[in-house]
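I'd like to ask you about the structure that follows.
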Amino acid sequence: MNRRLFKERTILFTLYGFTVCGCLVLAVILATVFMKGAPAISGAFLFEESRNFGLEGGIFYQIAGTLILMMGAALVCLPVALGSVLFQTEFLHSPQVKKIFRLLIYSLNAVPTIIFGLIGYLFFGVFLEAGVSWVTGVLILAVMILPTLHVSIHEAVESIPKHYREAGLALGLSPGQQMRAVILPQSLHGIVTGTLLGLARAAGETAAIMFTATAFSGVRLPQSWTEPVTTLQTHILLLAQEAANPEALTNAWGAGLVLMTIVFVLITVTLWIRSGLEMEAQR
Amino acid sequence: MNLKQKFSEKGPAFWWTGFAALISSGTIFILFISLVIESIPVFKAQGISFLWGTDWFAGEAYGALPMIFGSLMVTGIAVVMVLPFALGSAILTSEFLSGRLRLMVKAAMELLAGVPGIIYGLMGIALLTVWVRDVFGLIDGNTLFTAGFLLAVMILPTVMTLSEDALRSVPGEFRDTALSLGLTRMEMVFKVVVPQALPGLAGAVFLGVGRAMGETIAVMLVIGGIDRIPQPWFNLFAAGQSIPSKIGREAAEALGFDVQWSALIALGLVLFVMVMTLTSAGNILLRKAR
Amino acid sequence: MPRRSSIKSILGLALILLGVVGTVQIGLVGVTSALAQDSTVIRVAGSTTVLPIVSRAAERFQARNSSVKITVNAGGSGVGIHGAGTRRLDIGFASREITPQENNRYASLTTTVIGRDAVACVVSSEIFHSGVRSLSKQQIGDIYLGKITNWQQVGGPDRTIIVVDKETHRGTRHVFMQYLFGKSNARAPGARLVTGSNNEEQAKIAQSDSAIGMLSIAWINDDVVGIGIREGRQVIEPTLKNVRNGRFPIARNLNLLTAGKPKGRVKQFVDYLLSEEGQKIVESSGYIPIHSPHAVSKVAGSHSK
């Protein structure tokens, strides 16, 4: 084997090494959470209320709280993201303005989430007087996942073949009718995958909701607009601070397993939808 | 057609979607302006010394330097640690892997990117801090290094997928020409493709850095929480404090309590400016690459 | 491979499902809120030392008064005081007294004492078992100032001292620093780690084998041991007995804070905490009730795990 080939093989080997390590990280995380969390999972754990500062009982209301915040955020965000994309694609024609628009959305995506919490509290908690409540949390998360939905929907709308639109115009459809009859149905996959990814992102967020939407105990399901919720994320945070107590840790891992399951199901479904379409496109 | 006529012809679709567009594009301005306005009290009370003061004691003094230092330090550690892995996998995936394997790696990265921050925090506080302490023989595992390590893992998917996109967008002619000149595959990749993709790669790194700087919860649990610059400054194994970690720890206490709240918001403003600068630079580089 | 039309129908269904579930959920909240018109919500938060008492009392109080809902949060004494002062909270709880600044800021703050507690200087069990059973005020102070850095210097093994400090607004820290240095806002340059709640501090000291920290005596356990305070020739152990008879020097009141005197439902809850049943909860949580008729000889509290 000559020198060049040897060098070539060594580098290739190293690259494979790096890649395997990268994928291995995922496996390690999944395995750890699963192995440490599985002992905590039981019917009681999933459906009971938490007691004694999370050391006993279950995480039922925590799961509910996470779901409430996730779903609420997606519900609030979807119309805004959809409308915003449609405005951009149907009514804006200057490339510079479109560029600026994209820049603004991408910038929003990069904002550290704790800042959403800080300013969100000011706007929704103080200004709208919702206080530390699930509504504040929902609104903050809705703003936070806006770029996620926006990008996905935008890509989908942009990929609609031109002749579909031209057909609509030829039939004399108004922009509103065009949207309803042509664009929305054709971009459905982008809307759904964007929403699923947004849900996953909202489920994983702790910093933005920890001091704006949650409480430690005494909360079941919120019974008014201004009550806080308890979530899986903040529950894990609380339990993590008792790292020396094995009971607390086991419950923390268990809650983590549930949270990861929710997030991963959402992402896997998204990947499945996307791969189904990519295979379609390759035919 | 004058402006008034133009607007009066617009149907309801225009106004509704326009309103939505206004919200989504205006949010970032609202964030920035709010940060500035709410920071004013602390700057009024302390002037610009806020930025280089090293003493932070609620109710008395507010100095941001240790937090700024901490943020830069853990981010730096994260970037140095992630670079070989992210770039290595990106190169392998874009240049050497078949379609199916490529999709699998990309799927793995997408899943990794979805792992919630609190899970990293839990793994950090329960496992990583003990591991770091034992492996490096430290007295305690809550250090800047530990936080940097966690961040490296967190930004791996971001840096890897963006780098991979940058590499793939290098036109095929470059590769064909290089191979026809007799370069081996590896030489082609490293001497031709990578240099061509450099702006995109840099952009990917910048975006990863932006993400690392903004992470709160994982860092908060393992960094040690000491508002001090380590002695000596390059001691990675000392405890420290990052900006989001500080805000996370004190926000609940300071909710609405003027100067302290303003100081936390001012910290947020500094973070915002740093992250936005890096991200914008990153986006510009990425677009140049396309 | 799924065909395009079947993907579309799945997607359409998925979207409708999401929409339905989401709306139903939000709707449920709206409905339950309409039904719950008569219920009062009492918001309480504050010191993690007082938290166990209030949390347990809240559970029992709510069981008896179904129209009352009490949401409990931690956060620390600072959160409790500022929350009560700004009326964000109905009751704030603190493990320290209000500072003069806080008093100036929130003129109407009213304090109700519901118990007593002590702050012990605690060390990792390995340090305790290797001979460090007590330290003087001077020594502890020097450790926190960074003047003493190795356990060897105070009769222990040759190991660096991991000094665990607390967030500056925590009641435990105020009281501890007041004792060590005469001012509650003293800086601790020798600190290696900063923790928040009593739980976090307990966990960090237990995880280490050479740590020192400050902890409510109710959190002392086998891994986190309270050392005696040496004053002159005497050594005062951190026991409930020494707190009751006033010998232990680092003791504090456990306070409830309200904006103005408690009224209505809030007053009912405060009264419950002051009642015999409420005071039993104080005692079983490891603290001292405000009227303590009998001495207790055990050292450890109810957070020994």
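Note that the chains take the letters A, B and C in the order they are written out, and that residue 1 is the start of every chain.
By our rule, a contact is a pair of C-beta atoms (placed from the backbone, for glycine too) under 8 Å apart; a residue touches a chain by one contact, two chains touch by 3 or more.
In this text, all values refer to a predicted model and were calculated from it rather than measured experimentally.
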Would you mind checking which pair of chains has the most C-beta pairs in contact? A-B
What's the farthest chain from subunit B if centres are computed as the mean of the Cα atoms? C
Can you compute the centre-to-centre distance for subunit A and subunit C, using the mean CA position of each chain? Integer Å is fine. 33
Compute the distance, rounded to whole Å, between the mean C-alpha positions of subunit A and subunit B. 17
Which residue numbers or ranges of subunit A touch two or more of the other chains? 241, 243
For subunit B, residue numbers touching 2 or more other chains are 252, 255-256
Among all residues of subunit C, those touching at least two other chains are 73, 88, 196, 204, 207
Footprint of subunit A on subunit C - complex, ascending: 1-4, 7-8, 11-12, 14-15, 18-19, 21-23, 25-26, 28-29, 32-33, 35-36, 39, 41, 45, 51-52, 55, 58-59, 62, 69-74, 88, 196-197, 199-200, 202-204, 206-207, 223, 305
Seen from subunit B, its contact residues with subunit A in the complex are 11-14, 16-21, 23-25, 27-28, 30-31, 34-35, 38, 84-89, 91-93, 96, 103, 105, 107-112, 114-119, 121-123, 125-127, 153, 156, 160, 184-187, 190, 207, 210-211, 213-217, 221, 244, 247-248, 251-252, 255-256, 264-265, 268, 271-272, 275-276, 279-280, 283
The answer for subunit C against subunit B in the complex is residues 73, 75-76, 78-79, 82-83, 86, 88, 101, 159-160, 162, 165, 167-169, 185, 187, 191-196, 204, 207-208, 210-211
Subunit B contact footprint on subunit A (complex, rising order): 4-5, 7-8, 11-12, 14-19, 21-23, 25-26, 29, 32-33, 79-84, 86-88, 90-91, 101, 103-108, 110-119, 121-123, 126, 143, 146, 150, 174-176, 179, 200-201, 203-207, 210-211, 233, 236-237, 240-241, 243, 249, 252-253, 256, 259-260, 263-264, 266-268, 270-271, 275, 278
In the complex of these two chains, what residues of subunit A are touching subunit C? 53, 67-68, 71-72, 74-75, 131-132, 134, 185, 188-189, 191-192, 195, 215-219, 221-225, 227-228, 238, 241-245, 247, 269, 273, 276-277, 279-280
